[in-house]
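Both complexes below contain subunit A, partnered by subunit B and then by subunit C.
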Partner chain A sequence: MYRALRLEPEKCTGCLQCEMACSYENEGVFVPAKSRIKVFTFHHEGRFAPYTCTQCDEAWCMHACPVEAIVLDEATGAKLVHEETCVGCKVCTIACPFGTVNYNRDSGKVVKCDLCGGDPWCAKACPTGAITFVEEDAAGMDRMRAWAQQGIVGLASGAKTNAPRDKGETLPTYLEA
Partner chain B sequence: MHHVIIGAGPAGVVAAETLRKIDPGCRVTLVGDEPEPPYSRMAIPYLLVGNIAEPGSYLRKTTDHYARKEIGVLQDRVVSVDTQSKVLTLEKGRTLSYDKLLLACGSTPVRPPIAGIDLPGVVNCWTLDDARAIIERAKAGSDVVLVGAGFIGCIILEALAERGVNLTVLEMGDRMVPRMMNHAAGDMLKRWCESKGVTVHTDTRVERIDDQGGRLVVSASGGRTLPCDLVISAAGVKPNTDFLAGSGIQIDQGVLVDDYLRTNLEDIYAAGDVAQGRDFSTGQFSVQAIQPTAADHARVAAVNMAGGSLRHIGSINMNVLATLGLISTSFGLWDGVGGGDSVELSDSKNFRYIQLQFDGERLVGATTLGMTDHVGVLRGLIQTRVELGVWKEKLRKDPMRLMEAYLATVQPIGYNARVA
Partner chain C sequence: MAWARKLLRVNLTDGTVSSEPLNMAWADQYLGQRGLASKYLVEEIDPRCDALGSDNKLIMATGPLTGTMASTGGRYSVITKSPLTGTIACSNSGGFIGAELKAAGWDMIIFEGRSPKPVYLYVENDQAQLLPANDLWGQSVWETDRLLHSKHQDPALRIACVGRAAEQGALICGVINDLHRAAGRSGVGTVMASKHLKAVAVRGTKGVGNLKDPIRFLKETEYRKRVLQQNAVTGQGLPTYGTQVLMNVINEMGALPTRNMREVKFEGAGNISGEAMHENRPGDGRPNLTTNAACFGCTIACGRISTVDQGHFSVKNKPKYWGSSGGLEYEAAWALGTDTGVDDLDAITYVNFLCNEDGLDPISFGATVAAAMELFKDGVITTEQTGGIDLQFGGAQALVTMAELTCRGEGFGRDLGLGSRKLCEKYGRPELSMTVKGQEFPAYDPRGIQGMGLTYATSNRGACHLRSYTVASEVLGIPVKTDPLVTEGKAELVKAFQDATAAVDSSGLCVFTTFGWSMEDIAPQIDAACEGDWSVDKLLEVGERVWNLERDFNLRAGLSAADDTLPKRLLTEPANTGPAQGRVADLGKMLPEYYQLRGWTADGELTQDTRTRLGL
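And now, the complex of A and B:
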């Protein structure tokens, strides 16, 4: 079974060590802007959400690539960008609905998380356990399924939103509600 | 079961591979009319700029790819389709019979009705052959006139500029890329091009092109005459449907298909640039002519050709474009909807721009300039049709908080999912 990154925002303190590690290991420089994992900030709540590619099975980026530059790494399940094949057309950057494939102006190629070949540095660098590399089953598939299911049920019953309306910055807590 | 696919572009190749995968026993034949192995037109700008050689544009990289997958590849042009007897007539005199047919024959450049458009020094930028002609003629110091500042015109500007030609762009519309950008974005793009030394004339129509002793002279509205060595015509493309005349296949802007990519005739499907399929945003049927839509169509059509029943929910119209290094994107209903509202943030000094279009609490369209990070999330926000709730107001205050809006409203991570 493949392993996947489990991201647990409530454990994230926003220290950005994951971004530093990713940038250094993959680009050779300590420049968080070059990191493939990003920590998004919810200032008013003092909360942080690390986020990166989920390595989707039927990957949008991979299917959109016209020149077969994004391929499955059979060993890890990661979708890899072959730099020498990528022409830099950027179609994958608009095709990925998660916003996790970015264009690198310096190289003229696109960049995404490749799970560091199966031993991701972000997980190793995270001091609080907000990013862990775990068996896929433990990475939150059940949670995602439950969430998706709830969306479907919600839509059917006419409750059309899963966004908070009146709680200021509070993030949705529907599964608990 | 013999599946015949007309067209060896991305839609044709993806459909052929999908058919092979889900119906291992079937026979698949791809018919393409160009001599090269199946390639991507999207790679041509990068060929012109010298980043890749021709094989870099090929859709699949191993020479025996199609043989290994037992996909027959036939180089020929289909001249007619007999839908009664299910037989194609090919240009080289052969015939080919099919059980199921996929029309993935793409589009072809529009030749504007201008005197002189067929002169030898006037080329399109569509095929590898066109690219070779441009490479040969667009020498450093030569004068080049680009007719059309649409998507294709803009994306080859960089290659032309890097070749050191003296470039003039003529656009009929009142702004650059009028089918992808509003005035603010189109005007910013024009200013960017001018700052890079490229002359752009909008609201300018080419009246005629003459050959004056080996040099071309372009006459345009406003009394402008432009002597040049090469004219590149990039006036848009249209679906390749001429050969279907009289076949009984229904054609509007392109080949009309239903939500299963079926045409009006049994056992005939259409996909990609030639197909007039469902648009996710409008719910209407239109020709999008973009790579991701071609891949979507192809996968759905192939599953249905193999006896499946896969419904196409509609494709989002979207584009990403690099114009002399300035990257722009557009998504969905970037021009807005009646009764909707929008927010715009512009940093004209640094050539950065974003505008978001809302319909009630939903994001329905967007345009960006000068942004390369996380732009795909615009698709995510549009395609999930998520009601943004409080995040709409937050986006109105700061449209750059797209990822936060997405994570907070759509993703089952963290607080959304109450991770243990």
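And now, the complex of A and C:
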């Protein structure tokens, strides 16, 4: 079974360790600007959100590529950019609905997350567990459990829901008065 | 390599920029950031120059580990001569701009001269240019940040700038980066504004590479991240409560300076503590704290992101302040709250927002308001001076109004912008200024934590907790517990902390790591990244060299042993309650021993032997 990156923004502190791990593994330098995973800061809301390629089964980037430079890694399920084949036309960057394929000015090719061959550095580098690499059909289980606990168990017991490291304190919208 | 090996020199008078190689012989002696930039400053300016004149220079410097994956490796410092103290100043900040500057390929920027018109520096990798800032002058930090992001259409741009208070000449201004991180102390922002330099905007996409031994570096740093994670302070206390974990602890010790340091315990401490920031407010049912947040590369994440209750008097009908922003850290909560006697968490959070928005050092600002409150209490100043404001200790509304005035440089805010020493001198009561060398105290009473008395008296930038945080040992037991009420052994402790801290401040790492890391943890990380042999001994020698270099600058600037002292109140008025009741700060018992350990004369001058030994 393939594994997938699970991203939990509520655990992210915005430290960018993931971006440095990614850029170092892929480019040999520490530089957030060249990371394939991005952490977005929403200052007004006080929130941080890591974001990267989800490795769609029906990968639009792969379908859109006119030279078949984006290929499936059978071992990991990742969609890989074959650098020698890529002509830098950027059609894939248009096709991707999530914006997770991007052009690298220095190489003249596109870059995207390749799951580091099945051992993603971003997940290893994340100090808070906001990025984990899990069985892909169980990626939502922990979150489901947390919501179940918060919505049902937590409310019933009157427990506080604003623990410092657990930032999922806002109630599901259907529970708000 | 870790160093970019390149510095950017900006002549503001001529409007020119140039690149020059980093002096690597100096880097081997002074490492980077605080140490190396101090060396450049000392070599390039006359210590007796006017801090706000065109002869002073201002340096923004990174360390060799800035921009790397080492935990907390994102620090940068602003080094200049201080207009507040007349000493060398070095203010350290986190956030993201330090790493961005390094990723652009620069170790430091040296600003010299003074621009005839307001300008800002725009750096994009190798390219740097001075651009007009007429539209930015007169704007707050927050507005400047917004305008520059909008102008350059680059959300990833990192910005450091000064606010309106610095433009108006307030002497207690810092340089704010990334909206709410601050190189806060000693008036470094005032120097920047005096040069008509409004902002520095940086975009770096080159990155940091070419480490001496990259595989070893990754292993050493990875292991040390786990050390931080497993440490009670850096793994739990700081992420959960931030530095505000200390408010109740220090209060219990009877070492929490209260109402301009007249008392040592604050009855309202619990209301403005780290714990209180987690509690749901009665007004909107939400806690003050939105989340903790990290600076670049930091796996501790002590930063506070907070909100003010929208119904609170301070922000009513001011939607600009309804969102989350940089919240209270311990020193700010103490200065704005405890020292002024204000225990209204919303009010001091709002004032902290204002300090970020317009670049005031919240420690110096709060302590100056506290001094003004004592002047008011004694009838030295009245509502005539304050513009009708009833400036009593504990007045939240008065504090808020004073902050708004000081940010804009209006009314009595102009007096407060002078800082505590000049304010108290102006009104003929210099003894009410709780300062050393003109810089306001932070949040530890030296009557209850004796080592901090020596720390404050000997700090090269005036009263400061970050030059030798003996609180770690005297309160928290790191690395070993010492009795806070005892003076024996404190001279040695202070010297050891001063030297180690100077080395850490020169590396690109955050001094907060030292709650969990010893120098034995730090040295291997530097050694794996940097050319040369970076042992613990070498780092401590670098630290000692930096300390003596700063001291020598101050002596040549006209300071002397007579300035290594504390306000009379702390030396003669005993603590009124708590474990330290009846005690004063016993500075006299520690200072001679300290001079001796430093290799200085009884007058606090460097001996020739010390100079020779350290290569000064």
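Criterion: the second predicted complex is superposed on the first by the 140 of 177 C-alpha atoms of A that agree within 3 Å, B and C clash if a C-alpha of one lies under 4 Å from a C-alpha of the other, contacts with A are read in each partner's own complex, and residues count from 1 in each chain.
FYI, a residue touches a chain if its C-beta (ideal position, glycine included) is under 8 Å from a C-beta of that chain, and two chains touch if they have at least 3 such contacts.
Predicted model only: the values in this text are computed from it and were never measured.
Engineer: Figure out whether A:91 sits in contact with subunit B (first) or subunit C (second), or with both, or with neither.
Structural biologist: first
Engineer: Applying the touch criterion given at the start, work out whether A:56 contacts subunit B, subunit C, both or neither, answering first, second, both or neither.
Structural biologist: Neither partner.
Engineer: With both complexes overlaid on chain A, does A:64 touch subunit B (first), subunit C (second), both or neither?
Structural biologist: A:64 contacts subunit B only, not subunit C.
Engineer: Does the superposition put A:72 against subunit B (first), subunit C (second), both, or neither?
Structural biologist: neither
Engineer: Subunit A residues in contact: does subunit B have more, or subunit C?
Structural biologist: B
Engineer: Per the definitions at the top, what is the overlap between the subunit A residues touching subunit B and those touching subunit C?
Structural biologist: Dual-contact residues (subunit A): 47, 162, 164-165, 167.
Engineer: Could you list, by residue number, the parts of subunit A that touch subunit C in their complex?
Structural biologist: Residue list for subunit A touching subunit C: 13-17, 20-21, 23-24, 27-34, 43-48, 125, 127-128, 162, 164-165, 167.
Engineer: State the interface residues of subunit C toward subunit A in the complex, per the touch definition above.
Structural biologist: Contacts found on subunit C: 67-69, 71, 96, 99, 103, 156, 179, 203-209, 218, 225, 229, 239-241, 278, 280, 287, 289-299, 301, 303, 305-307, 323-325.
Engineer: What residues of subunit B sit close enough to touch subunit A in their complex?
Structural biologist: 10, 14, 40, 42-43, 45-46, 51-52, 56-61, 291-292, 295, 299, 318-320, 322, 325, 327, 329, 331, 361, 372-380, 383-384, 386-391, 402-404, 406-419
Engineer: For subunit A, which residues are in contact with subunit B within the complex?
Structural biologist: Residues in contact with subunit B: 7-10, 38, 40-42, 47, 49, 51, 60, 63-64, 66-68, 85, 87-105, 108, 140, 143-144, 146-148, 160-169, 171-176.
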